[in-house]
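Below are two complexes that have subunit A in common, paired first with subunit B and then with subunit C.
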Partner chain A sequence: MSQDLLKIRNLTKKFGSITALNNVSLEIKNNEMFALLGPSGCGKTTLLRIIAGFEYPDSGQVLMNDSDLLSIPTRTRPVNLMFQSYALFPHMDVFSNISYGLTNTSLTKEEIKNQTNEIIEKIGLGEHVKKKPNQLSGGQQQRVALARAIARKPKILLLDEPLSALDKKIRQEMQIELKRIQHDFGITFIIVTHDQDEAISLANRIAVFDKGEIKQISTPQELYENPTNEFVADFIGEGNILKATSTSSGFEHPGLGTVNFSHSIGAGKPVTVLIRPESINLTPASNGAGQITDAVFAGSKKNITVKLTTNEIVRVYADKSANLEVGSHVNLLFNPQDVRVF
Partner chain B sequence: MLKKINLSAVITVIVLIFLYLPIMAVVGLSFNTSSNSLIWKGFGFDWYKNIWSNEPIMSSFQRTIFVALVTTFFSLLIGTTISIGLNKMKAGGFLRTFSTAPAIVPDLVLAIGLLTTFSTISMSLNLSTVIISHTVFCTAFVVAIVLARIGLMDPSIEEASTDLGAGALKTLFKVTIPQLMPALIAGAVLSFTLSMDEFVIAFFTNGPETPTLPMVIYSMIRFGVTPEINVLGTLLLVISFVGVIFAQRIGKVADSI
Partner chain C sequence: MVKSGGSKNSRHLGWAWASPGLIFLTLFAAIPVVSMLFMSVLTAGRFGGVTTPINFDNFSRATDPIFVQVILNSLVIASATAILSLLIGFPTALFISRLSRKWQIILIVAIILPYWTNFLVRTYAWLVLLNNEGIINKFLKNIGLIDKPIEMLYTPGAVIVGMTYLYLPLMILPIYAALEKVDKNLTEAAYDLGSSVWKSLRTISIPLAMPGILIGLIFVFVPSLGNFVVPELLGGGKTVMIGNLVRDQFLKARDWPFGATFALILTLILIVLISLQSYASKKANVNA
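Right, the complex of A and B next:
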């Protein structure tokens, strides 16, 4: 048996003239926290619904432990979904919500009761068993939704935008909680989100989607440090994306001048350059490459906006004590190793 | 000191009097002990006692309740099924309009249409034709109410039920219908009260041997407004009111669960 729990092979799904998924392939490992990240309408939700069994692909395969998952009906798939809206049953109390999935199995009443109580205890919902969903806070509702979804002990738990409806403080709490539960129950999590912070803070690996295609699959750090294309560079983290022309030994930008480093693109081609805000140092220079148009104090650092002579805007994180005034002219210094060119 | 007169308050009071005075008159005169309902003789329950021994009225009253109950049952069954089906359809704006149209079509048109249909297929007119006819327009009201409620339902709740391993029937009875309860109760009460005091359609589609209460009242009224009519009016009013209040109460309780 391979280490890959789920294999997705050449999946394509069209809705009329819209292609939601275009020949998507990826592998998800056992016990992984995997995120499908992308802007709305990129196809990530369609993929989630195909795995859950609410949509069927036009072509392609989904294999779980090397056997076909798509031929298993939605009801009996070893996959459960935590809905974005939670989709709790409003007329049932917390206990009935959580035990609902178990009542659809061959378990006896006693076993259902014991297993439900066990989950309720593990997720910390003990005092709310008799309450209806509308008597719970957003965070508590999410715990119920989570408990209900893992009650049937699925091999894969799908989470649709799990943190989007929570406020900031509960988000952080829930992040830790999700990781703990994933570890305790040993379930593979697939998270769908449009929020890069959510994906980066939760996932071991992320697949970045755009227009029905996977742009890059990697660890969060790798996506940030070594994006392989402009979309990922722009989507993950904050970055300055500039248009330049490649030279045989680097690139030439009308505002920044010539930057030398080795690459394999070839000379004289239009390229996209990514420089992260924290990679740039500013030094005052009366005839510098740019002028500071904005400087905002942000706790541990200063967010500086520099306007280049080409009118392009570059954002820089500077030290909070840096003596950089709005209106002053600066030069931009950076290590060519920190620059990414596509 | 002269108080400023609030014009809108005055208009409100006048409108309320205009709306409720006729009803109050019926209720008030039902307690008249005189045999001529227009001459006040004294307060009493004489006519309420009389009415129990009036065989034609009592049997028509039973028929009316029977028709209303059966109509309510079928309207709910058909109306809810239609609503759930329509909700599942992505398109279907045309069908939606058609399903609720009988609620707006003038009674007279509906009555003539139904009568024509029954005579074309040579169905003899009796209570069953009244029930069929009432079901036609009550179903439309049920569809209108249930569709509105179903539209507010989160579609992922039914998906969650499937995801958790429930079959279609279990999802329907354990998840969908409990959530539609307030609408089903409202639809039932509305069907019952609409059927109970419906006259025009019943007049056209009923046979001569089984008059419903509104038909009996109509035949009585041709000889003038008798005190029994006031009593019957008051009773119908009470039943409708109790029904509406009951529906609102239950609706609130059902809404909060």
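Right, the complex of A and C next:
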């Protein structure tokens, strides 16, 4: 048996003329926090619904511990889903909601009661057992949804946009809480989200989706530092994306001039260049490559906007004490190692 | 919007808004009921109408076992109609609520359309279907299932089927309205948590549609209980319901006070049932 809990092989799913998933393959490890990240309509939710059993792919395989998952009916799959809307049963109290999944097992009433109480205690819902969902706050509702989804001890818990409905303070609380619960219960989490902050702060690894295809699978840090294509570079973090032409030893940009690398990517091709705002240093120069059009104080740093002679806009994070005035001309300095070219 | 307990002006405005409804209800509900009440304690005139003296004989006459039997019959037939409508209407409403928006509208219109046709015409259609030489009997005979026709027409069963057909839209629409509001994710959550289709119906869809089910039951039961045309046409006069009694006392026996007594009894039964429904519905809403 391999270390991979879930293997997805060449999954394709079409809805009419729309291709929701196009030949998607990925592996998810045991006990991993894995995020499917992408803009809305990129296919991540379709993949989630296929794993949960609400959709069936046109072609491809989903294997759990090397055996076919798709042939197992939804109701007996060792997979549970926490819905984005929570989908709590409005006519049942917290206890009945959480124990609902256990009533569909061969457990006795006594066992159901004990297991439910155990979960209620671990998730910290003790004082709310008798309340109906509409008597709970958003954060509490999410805890109930989470408790209900892990009550059947699934191998995989699917979370659909788990933090999107919460306000900022509760989001941070819940982030920590989700990690704790994932650790305590030893369940593999698959998180679907369109919010890169949510994915980066929660997941060990992230698969970035666009238009039904996986653009890159990697750790959050790798995605930020070494994106392999323009989509990921643009989607993850703040970045300046510039169009340039490759040279035998680097690239040439009409506004920034020639930049040399140690390695060559072949001369004369149109390329895309990514430079992160924190990688650029600005030095005043009357005949500089750009002019500062905006400078905003943002606490620990200054957000500077520079307009290049090519009219392209470059964002730069500068030191808050830097003497950079709107209207002044500057040169842009950066280490070629911090630049990514595709 | 007019809030209760608002300023004096807005409270006056509230009465103004309500007045068309109040005038209508006074004219066509309150006055008839009160006049029935008066009529039931008067004495029948020789050629219809009412005269003095005032007495309560009609109420003791109404407790005659023959009449009590008719009232019980009516309750049984109206209940059977409501239950049959529910058994057909719930699955239909559930099916419609799961379709795409476009098909939901098409089917809802298709259900309402026949309701705009004259109900006598639609009831006569059942005569053609159910009689001994009718389509159903002919079909069964042709495929060799029966030798001689089954007596379907002029039975309580025919009355129940006919009224179910008439009032089915009144069952489907409120249940559909209730189911349509239920978040589709709830059924998916139930499957995800291991429920069978039947269990998800029993524990999720039916409880959440309960207010609609209760309204549907009342909507079908009320007109069924007072109906006298369908028992006449499809019951062939052999199935007498309380509606027939009221009509016969007024139009045939010319005993208006006795007819008024039955009308009053009918109204009382309905008041009790509607109160029960609204109580049960409130309870169902609190749970939801």
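In this text, the second predicted complex is superposed on the first by the 339 of 342 C-alpha atoms of A that agree within 3 Å, B and C clash if a C-alpha of one lies under 4 Å from a C-alpha of the other, contacts with A are read in each partner's own complex, and residues count from 1 in each chain.
Keep this in mind: contacts are C-beta pairs under 8 Å (C-beta built on N, C-alpha and C of every residue); 3 or more make two chains touch, one makes a residue touch a chain.
Quantities reported herein were computed from a predicted structural model and do not represent experimental measurements.
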Ask   = For the overlay on subunit A, clash or fit between subunit B and subunit C?
value = clash
Message = Looking at A:K215, would you say it contacts subunit B, subunit C, both, or neither? Reply first, second, both or neither.
response = neither
Task = Considering only touches as defined above, state whether A:H253 meets subunit B (first), subunit C (second), both or neither.
result = neither
Inquiry  = Once chain A of both complexes is superposed, is A:R205 in touch with subunit B (first), subunit C (second), both, or neither?
reply    = neither
Key: subunit B and subunit C footprints on subunit A, overlapping residues   = 52-54, 74-76, 80-81, 83, 85, 87, 89-91, 100-101, 104-105, 148-149, 152
Ask   = What residues of subunit B sit close enough to touch subunit A in their complex?
value = 154, 156-157, 159-167, 170, 174-175, 178-179, 181, 256-257
Inquiry  = So in the complex, the part of subunit A that touches subunit B is made up of which residues?
reply    = 52-54, 74-76, 80-81, 83-85, 87-91, 100-101, 104-105, 132, 134, 148-149, 151-152
For the subunit A and subunit C complex, residues of the former touching the latter = 52-54, 74-76, 80-81, 83, 85, 87, 89-91, 100-101, 104-105, 148-149, 152
Query = Any idea which subunit C residues touch subunit A in the complex?
reply = 183, 185-186, 188-196, 199, 203-204, 207-208, 287-288
